[in-house]
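Right, one structure below, let's go through it.
Note that the chains are named A, B, C, D, E and F in the order they appear, and that numbering of residues resets to 1 at the start of each chain.
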Amino acid sequence: MGYYVARRIPRDPRDQEWAARLSQFGVATVSEAQFKTGIMLPRIRPIQQGAAIAGRAVTAVCAPGDNLMVHVALEVIQPGDVLVVGSWAPMPNGVFGELLATGFKAHGVAGAVLDAGVRDTEAIRRLGFPVWADHISAVGNTKEIPGWVNRAVTVGGVLVQPGDFVVADDDGVVVVPRDSVEEVLARAQARVDKEAGTRQRFERGELSVDFYNLHPVLAQLGIEYREEAE
Amino acid sequence: MGYYVARRIPRDPRDQEWAARLSQFGVATVSEAQFKTGIMLPRIRPIQQGAAIAGRAVTAVCAPGDNLMVHVALEVIQPGDVLVVGSWAPMPNGVFGELLATGFKAHGVAGAVLDAGVRDTEAIRRLGFPVWADHISAVGNTKEIPGWVNRAVTVGGVLVQPGDFVVADDDGVVVVPRDSVEEVLARAQARVDKEAGTRQRFERGELSVDFYNLHPVLAQLGIEYREEAE
Amino acid sequence: MGYYVARRIPRDPRDQEWAARLSQFGVATVSEAQFKTGIMLPRIRPIQQGAAIAGRAVTAVCAPGDNLMVHVALEVIQPGDVLVVGSWAPMPNGVFGELLATGFKAHGVAGAVLDAGVRDTEAIRRLGFPVWADHISAVGNTKEIPGWVNRAVTVGGVLVQPGDFVVADDDGVVVVPRDSVEEVLARAQARVDKEAGTRQRFERGELSVDFYNLHPVLAQLGIEYREEAE
Amino acid sequence: MGYYVARRIPRDPRDQEWAARLSQFGVATVSEAQFKTGIMLPRIRPIQQGAAIAGRAVTAVCAPGDNLMVHVALEVIQPGDVLVVGSWAPMPNGVFGELLATGFKAHGVAGAVLDAGVRDTEAIRRLGFPVWADHISAVGNTKEIPGWVNRAVTVGGVLVQPGDFVVADDDGVVVVPRDSVEEVLARAQARVDKEAGTRQRFERGELSVDFYNLHPVLAQLGIEYREEAE
Amino acid sequence: MGYYVARRIPRDPRDQEWAARLSQFGVATVSEAQFKTGIMLPRIRPIQQGAAIAGRAVTAVCAPGDNLMVHVALEVIQPGDVLVVGSWAPMPNGVFGELLATGFKAHGVAGAVLDAGVRDTEAIRRLGFPVWADHISAVGNTKEIPGWVNRAVTVGGVLVQPGDFVVADDDGVVVVPRDSVEEVLARAQARVDKEAGTRQRFERGELSVDFYNLHPVLAQLGIEYREEAE
Amino acid sequence: MGYYVARRIPRDPRDQEWAARLSQFGVATVSEAQFKTGIMLPRIRPIQQGAAIAGRAVTAVCAPGDNLMVHVALEVIQPGDVLVVGSWAPMPNGVFGELLATGFKAHGVAGAVLDAGVRDTEAIRRLGFPVWADHISAVGNTKEIPGWVNRAVTVGGVLVQPGDFVVADDDGVVVVPRDSVEEVLARAQARVDKEAGTRQRFERGELSVDFYNLHPVLAQLGIEYREEAE
């Protein structure tokens, strides 16, 4: 239970393909494919618009006000991974700024998800390194307090284990447990296939109560139709 | 008091003209014209920038976590109307996504105001269907729990009755009671007429304390002028 | 302790140069240069993207729901200054709108920082007058309740004294006490000089644990390296 | 739509009996009896423990920071009524204190529900006048800004019309529309009758899945029983 | 990944003794003994004062607005266990009330921890069944939506696995991973032994800077002593 | 601007008498006597009921997650003083617990006001040392990061300078600037003298609109009396 840095996370030869498919499905579809679970709370928001990423989570567990373990995470993170930062209490600081973003981008990291603040947002947007964070704060950090790299941590209300897949876009962030990727991809694909036809029928004006055959449900629930609102 | 769907809301032949004028006046002016009342809390925010709409409210009152009644609302909503979604408790889910947006847009609906979450935000922005919501959440819904269509409901801290006019832009959302539209339009017009000249005088550098003749007010309130700050 | 308007704030012949340098350094660097202090809470956010300002604070201390003292502040504010609005309790209204923005812009004011709401946000963005605020609200104001101009006030959790320098950009707002400007500028410059080389080395892939020589720190803290995550 | 004071609210000869029964049923039972609707948000909390009241709502609609209309409400309120205070924007002040509590208690008022702050809480508890409020704040008020007495207003996210019944206890506050009291009382009684037997059976250890016959529901939902947790 | 109920959680013959010692140490000491981790966010608060419990977690994972799985949890929970309720999105309802408390108490359950609302608080306090919850809400529930019993779930920002020990008192709630109990107990005991002497010395007026020998630390950090505050 | 500990704060021979009178007046009256200013935000709440204190502020400015400077404050604090703890960013930890409370009580300190968390609340209540805090958290601290003792700091949204008087009771906390004590006491006394008679007249049923002569105000504001609510 003492402080540590774990160098390796679970990986798979198909990681790159899986990441591509997960980011294309997007957060909403992926979360549906795992029974709505794994979605971070809405307070974890993107600082840019239009970015969509997916990758293995490398986690840094930091003390409030300190980002020592983020620096250490850069030692072990691999291209395509996603940096995930959490703590054992709310993180009031801007734990990640332009210099760190430069470093993680230089190492091919896909993006960062922070249950903490971010700073230098304008510079990071210019750099093209996508970040999801709890808030924006210019408050700096110490680099003095121990923590962990690649220990499980709760971020945005969701458990992230090292090697889980993290999917993030304008709708927020969803975590896919590392052992469920294939199952989730299959279910997401089935959902997307079904929705393609749905969209076309809705564009042509078909009512969703008809499409989903909801009238029997409404009747059974005792919902009455009236002519006029009060 | 049992669950129901009311097919019709109060309407007026001048609705289209009224909606055009209300959206042009905008939220700030319309709210002033009704004694500052009817403005939703700041937590109801647009997911896009620059949209400005107005239209009759069709309300869907849903259970937390369920959007069955939103689907039913599509049966009775008319072109130019605004979908308004509320509940009897906070709505943690993304109650409205791309498929529903496609359906409501296909029926000519002006936009949606949700005391709930929205998802598929990037796709909805691309679709050009304007949405104001409490938060962004990818969490999906059931379609199983009864509620009401076109029952009065509180949204963003403001009562919305079916057929009220809803006006929304980058400043948020204001509700104009259905019986007050003409009175409010008249007062808004008077205000705008007055402000046109004001703006020009402010652009030329006239002080607002002079323009509004505030010095006698300041004197009566006992506000003293000093040379130096402490 | 009675209500007053102080006409003059501390100034310096080098104000314009100082403002230029502070806004160029930006909020994150300036705050580091004063030991992380002076940063407003993250709830004070810009309504635009990419603006960066700095200037002397002229403060208006208003009653909740009233903006009389903002109008009075326009009498005493000078080109390049920053309007700062606070209260003795949370300010629920949109205390600042297009007409006031027009007036302050006409007088060459650099921008406004409000521990309150702002309205007419679309128009203010078009006008090009930068604003940082607690929230967006269309709720209007009275002009009837006394307060102060150029009295010290807490805004976004930070004390602002009249004549302090206010620096604001996409990362938020930081306040530099009026007697510390030169000291802070010197420390900020030293930091920026040092960071220039750092950035290049990070771009080339140098690890920050090596650059900052953190391995001895990690060893002393008892952080152990393991091969595998659990 | 101009400012007004309405002297009379709808009343009924059975008000006293209805109030007694509603307060005895309590907030949780009454809300169930009206399909979960009418419950104020959890932020409206009691400042005392163990109080339970019910009575007709007399509403005061005040400007933020001002309590003029609360003073006016005392002119028209009757013994057994409940004072309800709301606004068109969040109310940051302590709108109600010991002196007002003394006045309302002297007139036989049952209690107060405030979408605002309360102050002098220790003295009010000693006085024995029950209050539910959004927060505790010592910030005082002006008595200068117009509003309404006995206009409909949203309080704690729920519409309150003058003459509605307000029921409040340690679980919060629920509003019973003035035309629904008898219907709600009947449904609440039925519920209580049913629950009396339930409680006894639960005390003896009967499982609620058996009592409510939930196993067929579980089977239909596809919920599987396993021996071991992961 | 489909919905399920796991009947058994990890247990140990020493559970009763461990629970007694953990609840006696209390939340603050236990959390220190596991490197500050495992503490739920401050929003999870007791509805009573002075209760202190510890026991194995039996988890119910419910849909927002539904408490079906809480009823099912009663089938598998054992005397001395702690009921833990979470969801995949915020739970706006009062998921637990007097009837359920009666049932769980009848089965010897130690208490309940809810990332949700609680209702019937006065009755539950009278019953003597301790509850920690996110908020108080009278809003009722459906019993229709599937979930899990004894699946891992995040509650108050902390992962709870079935069979983890949950410790709760007036300071909040801490979770001890099921495999760490002995290690944590040992470390907690060591800490308590050390603190006993500390308390006596502090009572006699010894300064903590002397007791902890902090003056060398202060000197190394460059903290200067001055005679006068500014 | 470097880190420091200031040993002395401004004091006055009449401090003990002033403290007694301020705590007797209480937070609501004292704040009125200084134009409503100086009241901390409602989030700073007492952990006990019925305590009322006043005393000179000794401030500890700590890093988030660290309480080193609280220990140092005990070196310089005097009997009757109030400990005030703040930071340059939100403080997520329980910065003050039983051991520290034991130490400060042993030195005759009147109480503590924390813009941070408190822990060991049950033990501190038993000890009889009154505390006002932002929240309750069992999360512990490091003692490693520099800060200041007796530097000005914003706490609960209000500036506290070393030597200011802090008044705290069930209504929260108000800060009296050190140079204003006599002026504030005089105004508070005048207010209390006036209120004594008021209370009696309100107890006898006199209406506050009559007592304050508000009918002319109502007439001038154009508030109309009607017979019936809508």
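Keep in mind that, in the parts below, a residue touches a chain if its C-beta (ideal position, glycine included) is under 8 Å from a C-beta of that chain, and two chains touch if they have at least 3 such contacts.
Note that the structure is predicted; figures quoted are calculated from it, not measured.
Undergrad: By residue number, over half of the contact pairs should agree; on that basis which option among B-E, C-D or C-F is the same interface as A-E?
TA: C-F
Undergrad: For chain E versus chain F, what separation do you get between their C-alpha means, in angstrom?
TA: The separation of the two C-alpha centroids amounts to 31 Å.
Undergrad: Measuring from the mean C-alpha position of chain C to the mean C-alpha position of chain E, what distance in angstrom results?
TA: Their C-alpha centroids are separated by 40 Å.
Undergrad: Spell out, as numbers or ranges, the residues of chain E touching 2 or more other chains.
TA: 2-3, 36, 39, 88-90, 137, 139, 144-145, 152 - these are the residues of chain E that touch more than one other chain.
Undergrad: What's the complete list of touching chain pairs for this entry?
TA: A-B, A-C, A-E, A-F, B-C, B-D, B-E, C-D, C-F, D-E, D-F, E-F
Undergrad: Which bits of chain E are touching chain B when the two form their complex?
TA: Per the stated touch rule, the residues are 63-66, 88-93, 137, 139, 142, 144-145.
Undergrad: Going by the contact rule at the top, pick out the chain E residues touching chain A in the complex.
TA: Contacts found on chain E: 1-3, 34-39, 41, 88-90, 152, 154, 157-159, 180, 183.
Undergrad: What residues of chain E sit close enough to touch chain D in their complex?
TA: It comes out as residues 2-10, 68, 71-72, 74-75, 94, 97-100, 102-103, 106-107, 117, 119-122, 135-140, 143-146, 150-152, 161-163.
Undergrad: Using the touch definition up top, name the residues of chain E that touch chain F in the complex.
TA: 26-28, 31-32, 36, 39, 42, 45, 49-50, 169-172, 174, 195, 198-199, 202-209, 212, 214, 217-218, 221-230
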